[in-house]
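In the two complexes that follow, chain A is the common piece, with chain B as its partner first and chain C second.
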Partner chain A sequence: MSEPLERGALFRRIREEKMTMFGLVLIGVLLALAIAAPWVSRHPYDRQVLEDKVSPPSSTYWMGTDRFGRDVFARVMYGARVSLFVGFVSQGIAVLIGLPLGALGGYFRGRVDDAVVWLISVFWSFPPFLLIMAVSLSLPEHVPGIVRVFMAVGIVSWVSVARIVRGQFISEKENEYVEAARALGYSPLRIIFRHILPNTFPPLLVVVTLGFAGAILSEAGLSFLGLGVQPPTPSWGQMIRDGYGYVVIGTGWWMSVFPGLAIMLAVLAFNFVGDGLRDMLDPRLRGGR
Partner chain B sequence: MPGTNGSLLTVRDLVKHFEIRKGIFGKVREYVRAVDGVSFEIAPGETLGLAGESGCGKTTTGRLILRLLDATSGHVSFNGSPNLLGLTQSEMRPYRKEMQIIFQDPYSSLNPRLTVGSTISEPLKIFGLAKTREERRARCVELLNAVGLEEDHLSRYPHEFSGGQRQRIGIARALSVEPSLIIADEPVSALDVSIQAQIVNLLIDLRNRLGLSYLFIAHDLSIVKHISHRVAIMYLGRIVELAGKEELYCRPLHPYTHALLAAVPVPDPAKRKQKQLLEGDVPSPVSPPPGCRFHPRCAQKFDPCDKIEPPLVDIGGHCIACHLYPEGSSLPEPVA
Partner chain C sequence: MTAYILRRLIHAVPVLIGVTSITFLLIYVVPGDPARLMMGVRADLATIESMRQELGLNDPLYVQYGRFLWNALHGDLGRSFATNRDVLDSILERLPATALLAFASILVAVLIGIPLGVLSALRRNSAMDFISMLCALAGISIPVFFLGILFAWIVGFWLRWLPVTGYIDERGLAALILPALTLGTRPLALVARLMRSSMLEVLRREFICAARARGASEWLVVLKHALINALNPVLTAISGSLADLLAGAFFVEFIFQWPGMGLLAIRAIRTLDITLIQGTVLVAAVIFVLVNLLTDLFYKLLDPRVEL
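The block that comes next holds the complex of A and B.
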């Protein structure tokens, strides 16, 4: 059992780890841009200036314009909103489903656990992205694109949360403090939520951070395939799709490259932070999925 | 066996067989007979030492009494209560206030994320022993003082304490509900030798002040001797000998007890005798030997030992399960 790091000590460690710090700063910038998008960009993301369409980056349009003459810079920033929102909500859904299932399975074992493990195995046996597509397509017609995306990603990524929480519960339960709580007649729910759950937070934080990166990628992938966020709401994946024809024929690289860079940086940032946290909180998890 | 009248805890024929599931279909093939028919009593204010090698079932016995593990069969009664083994967990609650446990490992027995104050005050809240925040705080301070800690330790986390201090916190948590019986499961064996005596003396002091009874589980016979009134020796899931402390240490009857006592280190080299060491290992509790479970390692085995299991019989207040001392035989002269 690892001793819990004190809060001050954790932040000191983060400052020492350059990559983690870099990731955190990047996430901060991304968040700031997403929030401040309407004030930073000089052009609304959906204003079409047809006479300026497909113009390369300039002092007026920092990242150029797309085929409708919309400002790519504004759209990239609004895209950050979509990506972060999808990441946040999908991981929220994943925790909401995965945490109780993993906790119950790990604590009670027996048949409850058999059911949880079976469910995890079923979900785990599909290629994740195909499953996300399938879930997204199976949602009713009237569900908006963005809701489809975070529902699908959340429903698929609860598995990682459940796995890690279940594992933590199984190992924490071996500790005598759990037996002490039982000997004092505490209810199972009290033991699960007040006593064991806080001890599972460090690895859970790691899984959720890495899941965030996965969610951003999944959103981009779905939107690229046209299954995600619907126009005119900008999303990075959708922007790459809209622009890649121009890249292929060599008439405009900026429409796809800038959202592509944004995806890369965002995913990199969350992966750096996730990996850094994992190394700091529990080196034993290194190399896990 | 001594009469059941007036005893605080009565344990009768306690049995725990752990299943070993084998094969892909999880069919039960074998059982580990961890505890296989254990009986004893503890009187109010009395300390019963339960000693034996590791793996003999002494820890399991403690867990079974508290229903931290479910027994296979048997009868456990606290202060004239119905069989605790048949109660639901909610019916068990009133007895949880009466019987508490102290653990072996002072590191894993405290929740690393709870302060000492919340660890000790939570039982007070749950059992309604202190209504207001101030009452709880006062009671926590009282408990900390009783185990030799101070008020400003309340807001600290377990990792700020040494092993001995952590064990004191564990004792304070057990005492918080004002129990009359404490099962002490090897409470000092994980501690530094210099700390062991402090903790044992604290337990003795608490017993005298609060009138506690202990089931003191340990493998160190000199510590058991120091704290216990009576001592039971366990081997492979059964009690082989149970007697008053002086009686057992001066006149051990069972060959196993002899061997255990011979293995206790003697500080003075001049007093050291030729040791009769045990040969072989403890047999697997999955398939204990037939007859007396100790016979494969016993120097004094004779005809019935590998066929008939000797029952625990009382000869003059000294309970013994050995064919050398059948029911009705008289006690030999003390050896030391």
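The block that comes next holds the complex of A and C.
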């Protein structure tokens, strides 16, 4: 970390960065649309009007209809709910697993750290999406699709959280305030949670924000392969899957293009915010992974 | 160097043990009885029970794990539940197609991404810089399967320029273009962005000033002094994008019906062919570990100062 940011400075700099601001606004709009989906859309997302099936965008159906005559616009709105929900819960799981593991390894080092590092490198050895797929397949049959998705994404993405938290702990431990706390006889748990942990939050925020973008992509990918959210719940990936047979033979581009654009915008928004936060916290990392 | 390679290999052993354990455990907990899956729904209980015996499914977990590990070490990943073919054979047969696709995508990323990044850096804040960086951002955010569908629709269906399905053996190299472009877009975007920022950073350094002061031509300064020095982080990024490529290959192979490992894995998932899924995950992870090891070695050869 370059220099610690005092409270308030972060928000001031966010406002100065156009890209980050744009990303935040986009996330806000997405969130608002997801919440207001039932009121914004003029048709219920699951109503099938068979005489209107596969009709192009019009004043009645802003984004056209799918092969069952369902309103694509309403389904895109509802799809935002799934994407954001999966993002929130999966990143929550990732923090719940990754934070304690990273903190323990970074604080105690030695054997504990060896175990944590081993676990991290084992998980790091799988191509992430492959592991997400395998985990989602291995959950019991009665687990609903959406739970499958956020469990799998969370179980796989704790690694990035643990890595960053561990790194922060290792460097923070060298600071004098930690030594002072130890000299005062505070317990390791108190030092970990009360003293060091708050200092890991800024980089953690970056990882979680970028992880959010990754989670949206993973959910879309799983649902596209038919392994994710199951119908009739609309999800963007699943909509692309449903429509793509029509798109590639040129009879219904709207079915896949609108949900595809929605994914792009959502991912873009979280990437903007994540990158922006990272640049603010440590300009040296600009453009890195 | 030998000592370094040895150390890295020794470090890889516990990691690979962990990788095999996870692969084994994942599949062990997969819902459904493998014996029943193999024999079909109409098989009677006695047949299924004898199949369970034959597959060793009644043994304790650690015995099954030991056997799995031992067999895997000997290159025996079992037989496919669906086709009864040797799993490793089926995977190795599909490997060249995926390798070709990945290689072509990297080529796309390097051949377009590096010049694009360099030009953007040289014409900083120009319209060209702005547009190409905007495209790069879009390239990073677009899901690979959506991009594939768009390419198939626009280039394949609308313009009818290129074949949308098929492999090079029947359609020639033209069949490779769309899949490679689709898979290469994300690494291309990453390379272009990174190349630009790395180039901007190097161009600020003193030795660039010194070279200019000596009267070196602008081209010489850019190509010989700046580009060479700016390339290192880009090379790491390319090796880092391997994970993306392997994941993306799934979708690309599915959309363009490219007969690689990804298509095989998708079929395995559809039919719940557990041994085949297990084999693909394991092989992909081993390839991933090996390639990462090789890039680290390569990196060290390029720049001996690097501590890994």
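We take it that the second predicted complex is superposed on the first by the 277 of 289 C-alpha atoms of A that agree within 3 Å, B and C clash if a C-alpha of one lies under 4 Å from a C-alpha of the other, contacts with A are read in each partner's own complex, and residues count from 1 in each chain.
Throughout what follows, a contact is a pair of C-beta atoms (placed from the backbone, for glycine too) under 8 Å apart; a residue touches a chain by one contact, two chains touch by 3 or more.
Remember, it's a predicted structure, so these values are computed and weren't measured experimentally.
Once both complexes are superposed on chain A, the partners chain B and chain C fit side by side without clashing. Legend: residue contacts after superposition of the two complexes on their common chain; A:F224 is shown touching chain C, with no touch to chain B. Contact with chain C, but none with chain B, is seen for A:L137 once the two complexes are overlaid on the shared chain.
Using the contact criterion defined above for the overlaid structures, shared-chain residue A:R67 touches neither chain B nor chain C, since it reaches no partner.
After overlaying the two complexes on the shared chain, residue contacts for A:R109 are found with neither chain B nor chain C. Shared-chain residue A:G250: touches chain C; no touch with chain B. In the superposed pair of complexes, A:A180 makes contact with chain B only, with no contact to chain C.
Within the superposed three-chain arrangement, the count of touched residues of chain A is higher for C, of the candidates chain B and chain C. Superposition on chain A places chain B within reach of chain C only down to 6 Å, the least C-alpha distance between them.
Within the complex, the chain A residues that touch chain C are 118-119, 121-123, 125-131, 133-135, 137-141, 213, 217, 220-221, 224-225, 227, 237, 240, 244, 247-250, 253, 256-257, 260, 263-265, 267-268, 271, 286-289.
Those residues of chain B whose C-beta lies close enough to touch chain A in the complex are 63, 66, 68, 89, 92-93, 96-97, 99-101, 103-105, 107-114, 122-123, 126-127, 157, 159, 170, 173, 177.
Against chain B, the residues of chain A that register as touching in their complex are 1, 3-4, 174-177, 179-186, 195, 198-199. On chain C, the positions that touch chain A within their shared complex are 14-16, 18-19, 22-23, 26-27, 29-32, 137-138, 140-143, 145-146, 149-150, 152-153, 156-158, 164, 193-194, 196-198, 233, 237, 240, 242-243, 246-247, 250-251, 254-255, 265-266, 269, 277, 280-281, 284-285, 288-289.
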